[in-house]
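I've put the structures underneath this note.
Both complexes shown next keep chain A, but they swap its partner, so chain B is in the first and chain C is in the second.
Coming up: the complex of A and B.
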């Protein structure tokens, strides 16, 4: 004899009820829409961003009237003309672009061995140490880290004090372009390691062992096996580091001593110092455009790397 | 700045009423202050005043906000958002006819003039205490009182005495001296230095704004001397850490640094020094009762007792007659009290400054970022 439903445990009956409610609210025939529903928050977020960009695009075609501090009613290309012809914007933009490329290259060079050791080491203690060292900087904000460098590299900082012990006079290590690049590399390193590590983990150790058994020394194994297989990680890490460096604000502001502005600093100045929101919007949109083009070029040449989640293109 | 260093502030309700409203009751002013004591608008629990941090807000709190709270029961919350960053928020609120995020904005006169020109400021012409303040309280180049200037300040040449054993530098050209290469500092927007640079560069104050070339020549030479560029807290840090020997900065910042034990002195060089003002203004679209009390706050800030405590803390000359300079600033060129003191200072109207600010800023940045 089949037992009565009332003899089922309470938790079963509760689950049945919940399933009935779920079926009423979201019938099984709707199941194909579930992935789209899960995409909805992202779509809303991106939509809001696009709305903001649209508003900025509108503002970028309006010039500031300094008699009323209101944007003009009519549209013009004046702000774009200024952005492309004024020396200040060229200087700042080229500094940002070159800086982001240098930082990306140096960061990837430093990040690779770190990631490789972290992934391949047999020592659990070393792996834990490397993981802690990797995540610790995430708990310390960018501004605090930049100020930390002021303490370490300042004229009366630890480095100069150490140099003083061997008779070297204090030297200016801060407030120049190399200091900004140095700060950015230090800031970007954990991001690059995090992006590289999964790609290296995906390379079977047996591949390296096979290369060795076929007579390749570690250099040839590295060049012909590890590097090509790690390419998706390099691309993903490179894209993240490049875009974050290109748009960085705090490190150039703090370690640059006011004379090494990046484009984000120039945008801030237009919005908040000269109250010229149209010019600020113009620079912001151009930054988005340049960053997008750079990412697009990388995608076209090398694919999206780990950002494509397994797909090569 | 600690409260213990300031004079005690004893102010009874009777005296407060004399300050803020009895003039109205006596028929000296019109509505709404004339009716204030017949039917006082409902008091908000608090009003929000934007302020600069550190010793600036401490001084405002001691001199104006706390006594205002004591007498009205209205709490005063200080919003320390940077003046440049609150501005777009206030402009956006006004454009959308929304209630603004603050009741009173403590602002530079130049910044405030922009807001006045944009039409987002309430007219303060009916404040009773405006009848007793000096001409310096009146903003130039705008109608009425969209802003009330509350004090003036001087961009002095601050220096490390140890680096100048022969005494204070006499000229702004010291910033160009190769001896101090990499050890000079200026504001990162050049503020405070444009006018002295014009004169030190061989021009005249009257040339501004038509011919700024002498200033640009000065800045070009300054760039070669590798200046550090930052904001007020940076200067304090740089002096403290021995990064710089000389800087163009606001006298009150230099004074505060000195109070905190940093070896620093300041001077007004022979070419003169920039004199500017700060003020208070009230944004549009506040509820009527909150607007009333925001105006009362500004009015109260123009009383002798409030200014004495507030500005003693900052070491700046106010706009109410009868103020006494702090003991350490008597005879100091950065604290002008007499006509001849003001003659040594360089003043250009806010209207000219706001009209040319973007252009001057761009040129300064072009030189310094090159």
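Coming up: the complex of A and C.
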């Protein structure tokens, strides 16, 4: 004989009640809609972004009326023409593009040994130390860190003082291109390591041992086994580092001191210094386009599947 | 080969007093053995017995804390794996997923700088050897489990290594495929005459494939012998228990008469096991294999045996080619004995609860200490 319902434990009856309420609020026949409903917040967020982009696209075709400081009512391609012909914009764009490529390459080269040791070390203490060292910069924030570099690299900073002790005259370490790239690499390293580490974890240690037993030294093991197998991680990390440094604002602004503007700084100037919203919108859209093309090229070359997305065969 | 030559030629593998301690665990203790060229050795033991650690030291992944490994008479302690001439098939195979089967097999040839013009022919020859001649262009994930095994074997052998190491590569296969691959390993090993060391916890595999078996437990080599000797003359109770299904019967030694030990319980006797020094009045264990016990409904059904006991069937398990009985024997202090039986003619079975007669010969009861 079945025991009466009242003999069930309280927690069971609570769960039964909850399920009854859930069934009343959301009948089973609606259940097919659940996945779509869960997608909704993401769709709304992306939708808002598209709305903003649409507004900016509209603005990018209006020129600034220097008499009234208002955008014109009629549409023209003047802003785009300026963006492609004026030397200032070309300089800024090429500086950002070349800079982001250099930063990506250098960051990946630095990030690989770091993540490799972090993933492969047998010492739990070392792994913890590397992880903490990785996350610490995230708690500090980009602007504060950039100011930290001012203190270290400034003309009366720690480095120059140390050089002074051995009789070297102060060197200008800041407000130049290398300083900006240096700051960006330092900022991007944790991102790259975080993206690389899972890819390296996915490579069984046995794979490297096998390469060794088959006659490959560590260099050839790296080239023929680790690198190809870690490709998704490298591509993912590379994309993140490239897009983030291409669009970075704080590091070029602070470590470049106004002389090393990236595209984001130029956009800021158009919006908030010269109040030319149309020009700002044009540059912003071009930046989105350039970034998308770069991502598109990487996908076309290596396939989106290399990011470990989609179903594996 | 003349006898003098055999004496002069160094063993393919010599392990001398090898110890391995890591993280405070003494994984391998005083391991010493020799393996002649062309032999198939299996290191058998439960997980944690140190068998894989020993194999990895021979491969060069991990240096012994003390002791030395010799390959063809040369100490290899400071030689990294990629400079040793050792082919290894790994537990999870470790095939390279970004290469085809043929590229996997070609990999060691490229790494070891074989003449590039000879590589395709040689790869094809070894793919043929493992019966994968037409599947060289397949990617690893397009091959079945058994085919992947074969690629791994071809890859480990294609550069004609001095030594082939197998690190439990069959553990993950289902039984049928595993037994097929065991025979395949045996065939290829005989065909190429390559010295092979296999590690497994599967006693059946060890008996089927090996020329010699090393049984390990708790980091120590318990016995090194031919498969038949390992099975029939186990050196101690651990080996007797680990290989085959063995009953242990506890009793006290009443008297010792040469090889023969007579126990306190009336009618129970046995033979001194390897290395056991019996003392009258001390506790000892008789080890008796399940297939060496005969079972019948009465004494007359047992035939020619010198020991007989009555018992009660407590369980009967039908396994197809045999029936496993568990029989509680009153005359041996209610010890439960496992008995294998197979009646191919009348398919007679004894029911649970029925009284049966058990019989065996004294020479089959090996006596060990505790």
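What we mean here is this: the second predicted complex is superposed on the first by the 301 of 313 C-alpha atoms of A that agree within 3 Å, B and C clash if a C-alpha of one lies under 4 Å from a C-alpha of the other, contacts with A are read in each partner's own complex, and residues count from 1 in each chain.
The rule is short, and it goes like this: contacts are C-beta pairs under 8 Å (C-beta built on N, C-alpha and C of every residue); 3 or more make two chains touch, one makes a residue touch a chain.
As the structure is a computational prediction, the values presented were derived from the model and not from experiment.
Once both complexes are superposed on chain A, the partners chain B and chain C fit side by side without clashing. Of the two partner chains placed around the shared chain by superposition, chain B is the only one that A:155 touches, whereas chain C remains out of contact. In the superposition on chain A, the chain among chain B and chain C reaching more residues of chain A is B. In the superposed pair of complexes, A:68 makes contact with chain B only, with no contact to chain C.
After overlaying the two complexes on the shared chain, residue contacts for A:204 are found with chain C alone; chain B is out of touch. When both complexes are overlaid on chain A, the residue A:113 reaches neither chain B nor chain C. In the superposition on chain A, contact is made by A:259 with chain B only, not with chain C. The superposed model places chain B and chain C at 160 degrees from each other around the C-alpha centre of chain A, with the value given to the nearest 10. For the pair chain B and chain C, the model built by superposing on chain A gives 47 Å as the shortest CA-CA distance.
The contact surfaces that chain B and chain C form on chain A in the two complexes do not overlap at any residue. Residues of chain C touching chain A in their complex: 59-61, 80-82, 84, 86-88, 90-92, 94-98, 107-108, 111-112, 141, 155-156, 159, 165. Residue ranges of chain A in contact with chain C, taken from their complex: 204, 206-207, 209-217, 220, 224-225, 228-229, 312-313. Of all the residues in chain A, the ones that touch chain B in their complex are 64, 66-70, 86-88, 91-92, 95, 150, 154-156, 172, 175, 257-261, 266, 269, 271-277. Chain contact summary for the complex, chain B toward chain A: residues 82, 84-85, 87-88, 114-115, 117-119, 182, 188-189, 226-230, 237, 241-243, 354-358, 361-362, 365-366, 368-370.
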